[in-house]
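Have a look at this one.
By letter and in written order, the chains are A, B and C; residue numbering begins at 1 in each of them.
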Amino acid sequence: MHPSTLVLRRRTRTLGGPAVIRWTLIGLALLFLGVFLVVPLVAVFTFAFQKGWEAYAAAISHPEALSAMRLTLTAAAIAVPLNLVFGVAAAWLIARFRFPGRSLLITLIDLPFSVSPVIAGLIFVLMFGRQGWLGPWLAEHDLHVIFAVPGIVLATVFITFPFVAREVLPVMQAQGSDEEEAALTLGASGWRMFWRVTLPKVKWGVIYGVILCNARAMGEFGAVSVVSGHVRGVTTTLPLHAEILYNEYDFVGAFAVASLLTLLALVTLVVKKYVEWRSVAS
Amino acid sequence: MAVSSRRRVLPGFRLSLGFSWFYLGLLVLLPLSGLFLRTFTLTWAQFWETVTSARALAAYQLTFGASLAAALANVVFGLLVAWVLVRYRFPGRDLVEALVDLPFALPTAVAGLTLTTLFSANGWYGRHLEALGLKVAYTSLGVAVALTFIGLPFVVRTVQPVLEDIDVDVEEAAATLGATPWQTFARVLFPGILPALLSGFTLAFARALGEYGSVVFISGNMPLRTEIVPLLIITKLEQYDYAGATAIAVVMLTASFLLLLAVNLLHRWSHRRLEARSGH
Amino acid sequence: MRTQILLPLFLALSLAGCSKSSSDASAPSKGTEDVTLLNVSYDPTRELYADFNAAFAKQWEAKHGQKVTIKQSHGGSGKQARAVIDGLDADVVTLALAYDVDMLHDKAQLIPQNWQTRLLDNSAPYTSTIVFVVRKGNPKGIKDWEDLVKEGVSVITPNPKTSGGARWNYLAAWGYALRKQGGSEATAQAFIEKLFRNVPVLDSGARGSTTTFAERGLGDVLIAWENEAFLLTKEVGKDKFEIVVPSVSILAEPPVTVVDKNVDKRGTRAVAEAYLQYLYSDEGQELAAKHYYRPRSQAVAAKHAALFPKVSLFTIADVFGGWKKAQAAHFDDGGVFDRIYVPQAR
């Protein structure tokens, strides 16, 4: 069904130039990825299993590790859908309309990337902290934002803000709006057009965006570290838990927890493969 | 700049405009404005002294230099990886495809630790590199290595979808007309992927500017030599100097904002030229 | 239609988050209901407080029939103090330096100015000092501070700008140089300058430095807390390292205090004060000694005399006139430490 998958199959044979060039390029790419990705990943698992499977299992099934996992999943489960909705809306806006301030909007969407994670955490402290704008009001109502779950969610949303928008935008731009206009001409309502025409067309951008957003949401350390307060078993996410273990000279535990995060990334891959397979099947 | 009448046919302009700005304002602009307000508690002279101290200048130089080097390395290798992943089939391709996102999922502190372990004098890489006289850990080269690692997915993932969309027929036509593979790439393909490449570069560069967690382990944090800007911010906070910390943050933020804006304008300009050329 | 659902959903989610955490963090704690305490501490005390919290909870329940759960938070001392200033609901803080605790008063009036006089011994129930760790067999023959500034000796210590432990290291070296024969501010600064010229890496925290020294094999000497040195030589890297105790060092007093504003709001003052008092009890002192902190109690210290060698110790008040002065003179921007690292061109 998805046209690019079909094209892909065909183009495989036709292009890429002579075999020498092809294999040189593949070799170079694999060398680069090997040095920068595979070996570090192997290193992580080597450290994690240094003391055998039991030590690994003990580290990841510790109650504090489990509560960290729950918190990490909660934060991602809130941050990803929020940024997904925003990302699609913003991409639609930027790809389909010309309006004053458009370049400014794109740039502002990118901005959270360049904000140092430490600062990303700090801005929420400046806002919700005891001495922040909303601090006194929150204290009066006994509401906790930073050093509690909402702060961690906010920091995660901020850090992963641009991903979906950034991934969907080029795809939407590349495809043009002819089909959407046709749907409207045929009498479809705006929402119907969106669900039936627009969304299926940008599916891959959305999936890539969600995968990246999710990976980053789960792996974020710096910003979350500032707003977490590090209360063990309460406000520690998996990356923070890994750091705590590292600081206890429990290297095996630290890397075991970290390896868990790489596995979460692999799970997202399986999801992607599944969607790919479904769309080929239909 | 005005909304063209043809575009206005499409629905959802006001809704998406309102929602985008609302969400952006609530979650990004409002919190960031707090940063500026805190900086304004400094006098201009204090601000200037803070942001232009010798250590700050050295740190800007290192941070911008290493980020630029890392982003450029990612452009070259990211394009290569994207090309290989889209155009070729080889054993292990699916695995490689999966691994590309790894630098995001790995907590930055773990990434820093792992890279330091690999590149330090007694590490898997370090011991061979050291024999060649190349020191990576605890040098500015190490900073660039860590930044390359954390920014790796950006270029790959922005170029990949675009590359998949480019029609093979165009290349085939060029080849039929006698173009060498290199000419086909330089004249036909490259202009098409340039915008994606540029935006991948921007993202990798922007991300590198702010990175802290992975870098502090491998940099060695020597004042004037391997001290990055985010570390300076932390040292200010350690002195309970919130205003000083936000001052440096504001400088970095403004610099990266201008840079991002410039790249986005460049992007728009090249897009328009492209559209004009293809007769839209 | 969808957005109309989404906006309230977003608000509902954020509110749900708020209310959930507030019920988590501040459960009512009066009468014989269960009570929770939050102890905000610095990095190297993890093992100590893991044991101590269990011991205190047992003792408190036996005495008062009330279950007490102690939650722990660890991190860099300064970062932890900032978290408490910015609203982390700590009932007690147990930090690395009095300067960080002072800031709880200066920046947020969470505690009275005279907090340090409220408990015995400057509110430091256990102490430590700064020692050296060298590689097995002491190949470079390191015996005292003077050996650290020799050419060809590589010294590992964390960054005093970001690590509380590193500040103790620095002040110990400064105090040695100042107090030795013919010592003056000028010779002390020259000594420090030479010392830091031998430092190839400044990790951001004490445990980072330990890793650099132990795992990466960098450096001939690690300057560290005594308790960290013991942990390294006795547990982490058995038989790979040795401790060298210098002739003179600094008395490191990690202070503890109740955070008045928080305990009064949460109604946990009684249990929080008892918690800190228990640190001074024989059981508490024994646990401190077990985790290589020097106990204050003479009796307990006598029992462990073999473990802790006698060193001539000076205090920060003796040499520097207190933490605030030391911080301002040495570690704040433009202080002595910054002046060591001036650009070569000048």
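In this text, a residue touches a chain if its C-beta (ideal position, glycine included) is under 8 Å from a C-beta of that chain, and two chains touch if they have at least 3 such contacts.
Keep in mind that this is a model prediction, so the values were computed, not measured.
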item: Relative to chain A, chain with the most remote C-alpha centre; value: C
item: Result of counting contacting C-beta pairs for A-B and B-C, higher pair; value: A-B
item: Centre-to-centre distance between chain C and chain B (centres being mean Cα positions), rounded to whole Å; value: 37
item: Distance between chain centroids, defined by C-alpha means - chain A, chain B (Å); value: 15
item: For chain A, residues contacting two or more additional chains; value: 132, 246
item: Numbers and ranges of chain B residues touching at least 2 other chains; value: 15, 19, 117, 234, 237
item: Multi-partner residues of chain C (each touching 2 or more other chains); value: 85, 107
item: Residues on chain B engaged by chain C in the complex (per definition of touch); value: 15, 19, 50, 53-55, 58, 116-117, 120-123, 137-138, 216-217, 220-224, 231, 234-241, 244
item: Residues of chain C that touch chain B when the two form their complex; value: 3, 76, 78-79, 82, 85, 103, 107, 159, 161-162, 200-204, 208, 215-218, 327, 331-333, 338, 341-343
item: For the chain A and chain B complex, residues of the former touching the latter; value: 4, 7-8, 10-12, 14-18, 21-22, 25-26, 28-30, 32-33, 35-41, 43-44, 47, 86, 89-90, 92-93, 96-100, 103-120, 122-124, 126-127, 132-133, 154, 157-158, 161-162, 166-167, 170-171, 173-174, 177, 180-181, 184, 190, 193-194, 204-205, 208, 211-212, 215-216, 218-222, 238-239, 242-243, 246, 254-255, 258, 261-262, 264-266, 268-269, 273
item: Chain C partner contacts - residues on chain A that touch it in the complex; value: 78, 82, 85, 125, 128-132, 135, 139, 142-150, 153, 191, 229-234, 244, 246-249
item: Of all residues in chain B, those that touch chain A in their complex; value: 1-4, 7-13, 15-17, 19-21, 23-24, 27-32, 34-35, 38, 77, 80-81, 83-90, 92, 94, 96-111, 113-115, 117-118, 124-125, 148-149, 152-153, 157-158, 160-162, 164-165, 167-168, 171-172, 181, 195-196, 199, 202-203, 206-207, 209-213, 229-230, 233-234, 237, 242, 245-246, 249, 252-253, 256-257, 260-261, 264-265, 268, 271
